[in-house]
Amino acid sequence: MSYIRNILEQLKSGEIDIDNAVNELKDMPFEDLGYAKIDHHREIRNGYPEVIYCEGKEIEHIKGIVDKMLIKDTNILATRADKAVYEALKDMDEHITYYELARIVAIKKKEIEMSKNKVLVVTGGTSDIPVAEEAAITAEFLGNTVERLYDVGVAGIHRLLANIKVLNDASVIITVAGMEGALASVVGGLVDKPVIGVPTSVGYGTNFNGVSALLTMLNSCASGIGVVNIDNGFGAAYLASTIIRQIKNSR
Amino acid sequence: MSYIRNILEQLKSGEIDIDNAVNELKDMPFEDLGYAKIDHHREIRNGYPEVIYCEGKEIEHIKGIVDKMLIKDTNILATRADKAVYEALKDMDEHITYYELARIVAIKKKEIEMSKNKVLVVTGGTSDIPVAEEAAITAEFLGNTVERLYDVGVAGIHRLLANIKVLNDASVIITVAGMEGALASVVGGLVDKPVIGVPTSVGYGTNFNGVSALLTMLNSCASGIGVVNIDNGFGAAYLASTIIRQIKNSR
Amino acid sequence: MSYIRNILEQLKSGEIDIDNAVNELKDMPFEDLGYAKIDHHREIRNGYPEVIYCEGKEIEHIKGIVDKMLIKDTNILATRADKAVYEALKDMDEHITYYELARIVAIKKKEIEMSKNKVLVVTGGTSDIPVAEEAAITAEFLGNTVERLYDVGVAGIHRLLANIKVLNDASVIITVAGMEGALASVVGGLVDKPVIGVPTSVGYGTNFNGVSALLTMLNSCASGIGVVNIDNGFGAAYLASTIIRQIKNSR
Amino acid sequence: MSYIRNILEQLKSGEIDIDNAVNELKDMPFEDLGYAKIDHHREIRNGYPEVIYCEGKEIEHIKGIVDKMLIKDTNILATRADKAVYEALKDMDEHITYYELARIVAIKKKEIEMSKNKVLVVTGGTSDIPVAEEAAITAEFLGNTVERLYDVGVAGIHRLLANIKVLNDASVIITVAGMEGALASVVGGLVDKPVIGVPTSVGYGTNFNGVSALLTMLNSCASGIGVVNIDNGFGAAYLASTIIRQIKNSR
Amino acid sequence: MSYIRNILEQLKSGEIDIDNAVNELKDMPFEDLGYAKIDHHREIRNGYPEVIYCEGKEIEHIKGIVDKMLIKDTNILATRADKAVYEALKDMDEHITYYELARIVAIKKKEIEMSKNKVLVVTGGTSDIPVAEEAAITAEFLGNTVERLYDVGVAGIHRLLANIKVLNDASVIITVAGMEGALASVVGGLVDKPVIGVPTSVGYGTNFNGVSALLTMLNSCASGIGVVNIDNGFGAAYLASTIIRQIKNSR
Amino acid sequence: MSYIRNILEQLKSGEIDIDNAVNELKDMPFEDLGYAKIDHHREIRNGYPEVIYCEGKEIEHIKGIVDKMLIKDTNILATRADKAVYEALKDMDEHITYYELARIVAIKKKEIEMSKNKVLVVTGGTSDIPVAEEAAITAEFLGNTVERLYDVGVAGIHRLLANIKVLNDASVIITVAGMEGALASVVGGLVDKPVIGVPTSVGYGTNFNGVSALLTMLNSCASGIGVVNIDNGFGAAYLASTIIRQIKNSR
Amino acid sequence: MSYIRNILEQLKSGEIDIDNAVNELKDMPFEDLGYAKIDHHREIRNGYPEVIYCEGKEIEHIKGIVDKMLIKDTNILATRADKAVYEALKDMDEHITYYELARIVAIKKKEIEMSKNKVLVVTGGTSDIPVAEEAAITAEFLGNTVERLYDVGVAGIHRLLANIKVLNDASVIITVAGMEGALASVVGGLVDKPVIGVPTSVGYGTNFNGVSALLTMLNSCASGIGVVNIDNGFGAAYLASTIIRQIKNSR
Amino acid sequence: MSYIRNILEQLKSGEIDIDNAVNELKDMPFEDLGYAKIDHHREIRNGYPEVIYCEGKEIEHIKGIVDKMLIKDTNILATRADKAVYEALKDMDEHITYYELARIVAIKKKEIEMSKNKVLVVTGGTSDIPVAEEAAITAEFLGNTVERLYDVGVAGIHRLLANIKVLNDASVIITVAGMEGALASVVGGLVDKPVIGVPTSVGYGTNFNGVSALLTMLNSCASGIGVVNIDNGFGAAYLASTIIRQIKNSR
């Protein structure tokens, strides 16, 4: 919030008057479309992409938001975007890509500098891959080097044990698992590094659309697991990214 | 229900008349105390002990039931028996023992023939031991040879892997685990034999008194796990016992 | 996990070096398709079929997995397979069959040796038959002789009582019931053998998609019922099969 | 609500004026203690006792209410009354009795005429008796002839089948059961008469304090079961009583 | 279960032998189609129609069941029957009628004798009518005279108060209400007769598909309400019918 | 309920007789269509529009209700009206408008006098706008001046802080928010005026269709928030309107 | 937040420099005790009392907070204060009073000006009085004239109807009800003014500690009910107070 | 798991034979007390303390575990330790301290090297302090420099905004909040660094012992929040510690 101090300093120095200061505080940090208030400052400060969560938004609203974002020439990530969203957006910019499995539309206007430290995305089963890909694509778009290790759930623990080295190479591990979600516990017991749990809605019956996996991860007897919402690959990637960024910053 | 056919045959042969037949059907298989109907026939046919579930029963009722059972000279197992129950019963028979951790009062009037095949009771942590002991003591009382392997939860998976041989020696495995209960999944993935899951109420918060572990076990990606009620060590032992009995019978 | 000891012995004897040993541990027990890690060792050791759980998997992924499995010439069971899956697979092998009610695609490359002991599948109503068939077909494919007893729910208890002999003939009983699921309790009270409860999502309102039947089975006042996930016919069959296998092994 | 017509007629005939009419409407049907508004009219019209539900009420409030009721010389039933309530009330009237198991304080000022038709109270187990007694005592106090049949749960179905005649003798059956509560379904399948289900909180774990039994009863595949709140013996008795009253009235 | 005594008497008198007796017990009371066991005895004894609950049943199974039932020349009621079921059945018998709102197919082969006592069906709103019609049509088919009073919910209490006389004329009242379901409480407070509560899934959000109305009815501060499953108009009608039958029988 | 006094006075003065009085009480305050009882009196007294909640109602029923309402020449608001409802109604009156986002059909027969005090409708995100519009359109139709402030959720708190003045200008604030719904707490902490919380079903996973936002609002550490049902924009507007009316009345 | 503008103006005019401005923003609006940050500004601006929610706070912390508050010479309200809290505080100031039923400790240092408009507090039963008193005492302390109408629940609807005039006299109505909580719906249907619903935890079984009443109020078919947390009498009073304040302000 | 490779290398070089290798795998990484398997290797490799979770463990078991741990001369942290645990342990070592609010017993045998990067622990209210202290003490014991910022919940958002600088100084932020738990969202919206959410059970009614705060944190519209179990201060500290360790390692 250093921009507040900036405004105060300008006010003090007479560059702006009180009404301007109040206006700055009101107008600067976001752009108002009526149906949406676009928040550019985070991108500007951090080199982060603009992000749109598409689910539940009118397609016309999404187009309006992208339109405003494109003016700033930043990268754009539209998550939970079904094919209809992509169809509506695809002629708006030439750098657009659609990751169907991950349901992500990405517009890459600028090169992304990739991190030295790795984020590892692990899944319990094959059915968890769409959520894992949302995490992986997002993490890459946020500048993180990503490794994938899929279908190593605990029903065949040797598949995971055979990949200990891959676990050891990562700085942050995102475990994506549905059904009983025990993968996060086992991974958390094998490593001493940040583990992020993403419960998925994969399963049926008492899985309760991911609640079973969620509870497993929250109650893990292995310490040090931070859990995000069910199927929230994006959130896990974002959290992993803030950790990688802290590592980067302190170097 | 071969006793039904017996009664019909006696009726046909004239040994008994219709009213007697109806009376037999009504009176034989249990004894009526008003507040309880004691079911002796299971014990008689199977050599099983009589079992009383004490929770929620008046102490006077429990004493009345034990009193009637003692007449039949069978073994008696009173589960969920707190110390007050033991105090009330302890002078009723000299063969009485109280297993405090397991909350079981046992009256052993006859020798029990132990099975060749083993039931293994495994726990995730130290806090799961009371439930595990309910299972182990019950299983032994039902004539099963029992082995115990405690505190081998998935947060330190090597503790379990170091005991693969113990898993391989058993015919039935009872896994007792609270918190996230992932132990059942991992054990189920390591062996091809009947695995019984007993979720425990050990944990806090989103453990919801055992629901978390229960859901984990029901949603296990490892197939072949039969789950019983939360903290139901007795039920697990009983199920294990029916399996061991089938093995015995078919020899 | 005797293959671990094998590898250690080969290492000791100089047949393989450390890197080979590590590689063996990593590569041997499964085949890596990236999106799936196929686990052949269970089948090889046990004569079990390979199993694919289809729900939530991309059809291309399923085809890829089946393709790899066919090379091993083992039997294959694809569960939760809707018609589209069958259509995609049906030209891949001539021994393919589709059980529509059970939603199972089976590829039978080798003859299956059937057990002497019987698994009985019982349902409460006619609407429970699809889940029961998933259990029955699976159990047969796993080498168990199966008997079916359908629509004998407790609303007309005489239908069940008239079939006591059928209950007595089985070594393991799978009870499949929705609505209030009381069938499992009544069956559990009539026999002294392993009873597996499969709650189904048949019902409406406070049935909560099978939760009502699940709770009934978990709280059964009849001891010795092992419960699996809602609608999990496959899991019940697998558990029954491990029991039958224990009986077979000890003969 | 014929008293409304009465008031209108008095108004019309000039016996009372408008303000009186409004006052009658306001004052007549209950007595206002500030903290309670006692409803005498139901008792007066029906010969029903006054009823006080004690749980959560201050003892001083209970005493105040009983005090006002005693003036009307009607029978009084105080439910959910622990011993402290009885101690506070016992010197207020000589006709007072405390049913400890049922937690009922009864003050019987007038003789109760008993019905010809019977209400049968059935329990699954011994631990359900307190709730059953609340139902039985209440039903008797409301003028119904009551029969009791305790501990006939479905784990030993023969105990119930041996008592078919008792079921057949009743006009209304109240089934009181905890754990999985399947008794109501089985009884409902055996008879063609009104069955009232009272789930009890007897059990543990996934019983969820009676929810399991409640769901069983609501989802019963036997039709014709009316369910009341968990442990609500009083409500079941009251409903049974309205049915018996309809039978009586139509004779 | 007087047919059991019959069989015993025939056995005693030599009319049938033991194997016949066992066969009778096994074969008589229902007809076995494999996928269904049709229970004719209830109809035969009571003059009740045969009932088929269609939801979740294969159309071929429904047709098979109706086919067998038609042979007995009894009335048939198929509930939860969507249009496709009706289309499949409509050419099987000329006495068939489809009640679309109530989703009931009725085949009326014999005249139904209507009761003198009335069942009143009340709804809170217009959207509750489909469930109310399931109750009303069923009750009529079971021989009860039915009156309807729709859209008298508590948001406008005067609509209900204006119909007190209609409430007073009935012997049993079925209250059908969604949203908060308070209608049952208010009706229960106005009358001293059996009230059956049918919560409906009408509503949204925290209505949780009828759970809100269900809990309201179970917790009603007005005593004497028997609750059935959400949207279970059939069950309410059946329960009402057993009550009317008791009244009839005792006349 | 002054109309009751009116009737009593007419009765007293002889203008009407008792039967007329009873009839008035029965017939006056609503119109009976059988499937619906239309309540005109509220509109007549208050100048409020007639309101129809369309969800779950048959289109023919809706048309019938509107038909009767049009005779009274009042304004009509049909909520939860999908396009099909609008199509069915649009030729019934020329003053009809369809607000698609808000799913409201409005028929404006009379001018509406707008309040001096303002209702502010605030949303957390763009996806909450449909619910917000239901609130805003309803509030306007009920005669309230409405201001909108959309997409000011707490993830970018400066967007809200920049609009403090807008918050200060309103007399009642309706906060509409999904996901975690924290907006209501923050708004409640910033102002000392009535805040109404409308949780929306916007979100996924553990949002549980709005339960997460609902719980947040109910547990708000900021006092003075009145919460309505999930997605209930109408209810919030109605409550806001009663508050504005109190302000108006007391002037 | 006019104090922000004040600070800006002082900065602009040179009265304070930038560091002072930042410090003001940081230090002014609350006092920091480490374990608590006391917020005096609300009281100062509004004449509201300081409020402490005692549940879960250490007694030493409560004393420390009260100590700081007493210096400001404002009124203080400590809610959810059990007797031990009162004992600890009672010698700190002479104007202290303990409302035991309401669990409120009040320290009244200044006279409170009472509103002309009334807040009415209504309860369904006698057991709801403690919550109602929390609301009533709080509302009075916040300067509102309060009327009480207790024990008028819907099981005896005439008790409420007889008090229509009392409902009509109030500007805001707080309905406090447990069990099924239908009182709020009925009151909401009778009046056109703001109704605040306070579900209470009074009841048992499926009441689920107040959830039943909560759902009833949220799903009320009567519009215009704002609901607060279970047993949250304080919150209801606070919301009522903001409404009364709006009325006052606009006069 | 580099110790596995070590063992393989020793085996290869002939230092140990196969049986020794198997024994090493079995015996080395933990010590077996029967009721507990103590895992020393994590401590040895990482300089981490040994940790005992005390809840649900017998005091004799805790003493036995501490006894074994003391031999290794490492630091020991016993969490969820009530006073009785401390009393039992306090004479076992002179370096023992009891943090009563945090319920932690700490035995500090070796100096702990503190991190340069800071962990900030923030609470919403005063009642959240016990959980926050569990986090803070644990984090310090794990070698992290900790800052505390208590009672800055969103009901008075200025208290948090005034501390922006404190937020900016930390590398990881642990937000501890009960009631609606919105603090995590607001903090997550203000910073671009890892935020860990700890929902607490502080609150009542629909707080459901912390579920409300949990859901808020999982559904946060601010990205990048990793959530741990309700009241799990220890887990949050452990996760924070793994992040700080990654930062340290990469320097």
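Order as written gives the chain letters A, B, C, D, E, F, G and H; numbering starts at 1 within each chain.
In the analysis below, a residue touches a chain if its C-beta (ideal position, glycine included) is under 8 Å from a C-beta of that chain, and two chains touch if they have at least 3 such contacts.
Bear in mind the structure is a predicted one, so any value in this text is a computation, not a measurement.
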Partner chains that subunit B and subunit C have in common: A, D, E, H
Type of subunit A:subunit F copy interface by residue overlap (half), same or different: different
Rotation in the CA alignment of subunit E with subunit F, degrees, nearest 5: 90
Chain separated most widely from subunit A, comparing mean CA positions: D
Contact-pair overlap exceeding half with B-H, pair selected from F-G, E-F or B-C: E-F
Interface with more contacting C-beta pairs, comparing B-D to A-B: A-B
Separation of mean Cα positions, subunit H and subunit C [Å, integer]: 41
Subunit B and subunit G: spacing of chain centres that average the CA atoms, whole Å: 53
Rounded Å distance, subunit D centre to subunit G centre (Cα mean): 38
Residue numbers of subunit E (touch at least two other chains): 156, 161, 190, 205-207, 211, 214, 218-219, 223, 229
All touching chain pairs, where touch follows the definition stated at the start: A-B, A-C, A-F, A-G, A-H, B-C, B-D, B-E, B-H, C-D, C-E, C-H, D-E, D-F, D-G, E-F, E-G, F-G, F-H, G-H
Subunit F-facing residues of subunit H, complex: 124-125, 153-157, 179-182, 185-186, 188-190, 203, 205-208, 211-213, 215-223
Residues of subunit E that touch subunit D when the two form their complex: 1, 42, 45-46, 48, 51, 117, 161, 164, 171-172, 190, 192-196, 214, 218-219, 223-229, 234-235, 238-239, 241-243, 245-247, 250-251
Residue numbers on subunit A that touch subunit C, as the complex places them: 101, 126-127, 129, 150-152, 156, 158-159, 161-163, 178, 202, 204-207
Contact footprint of subunit E on subunit B as seen in their complex: 5, 8-9, 11-12, 17-18, 21-22
Subunit A residues touching subunit F - in the complex, by the definition given at the top: 25-27, 29-30, 34-37, 39, 42, 53, 55-58, 61, 65, 199, 201, 209-211, 214, 229-232
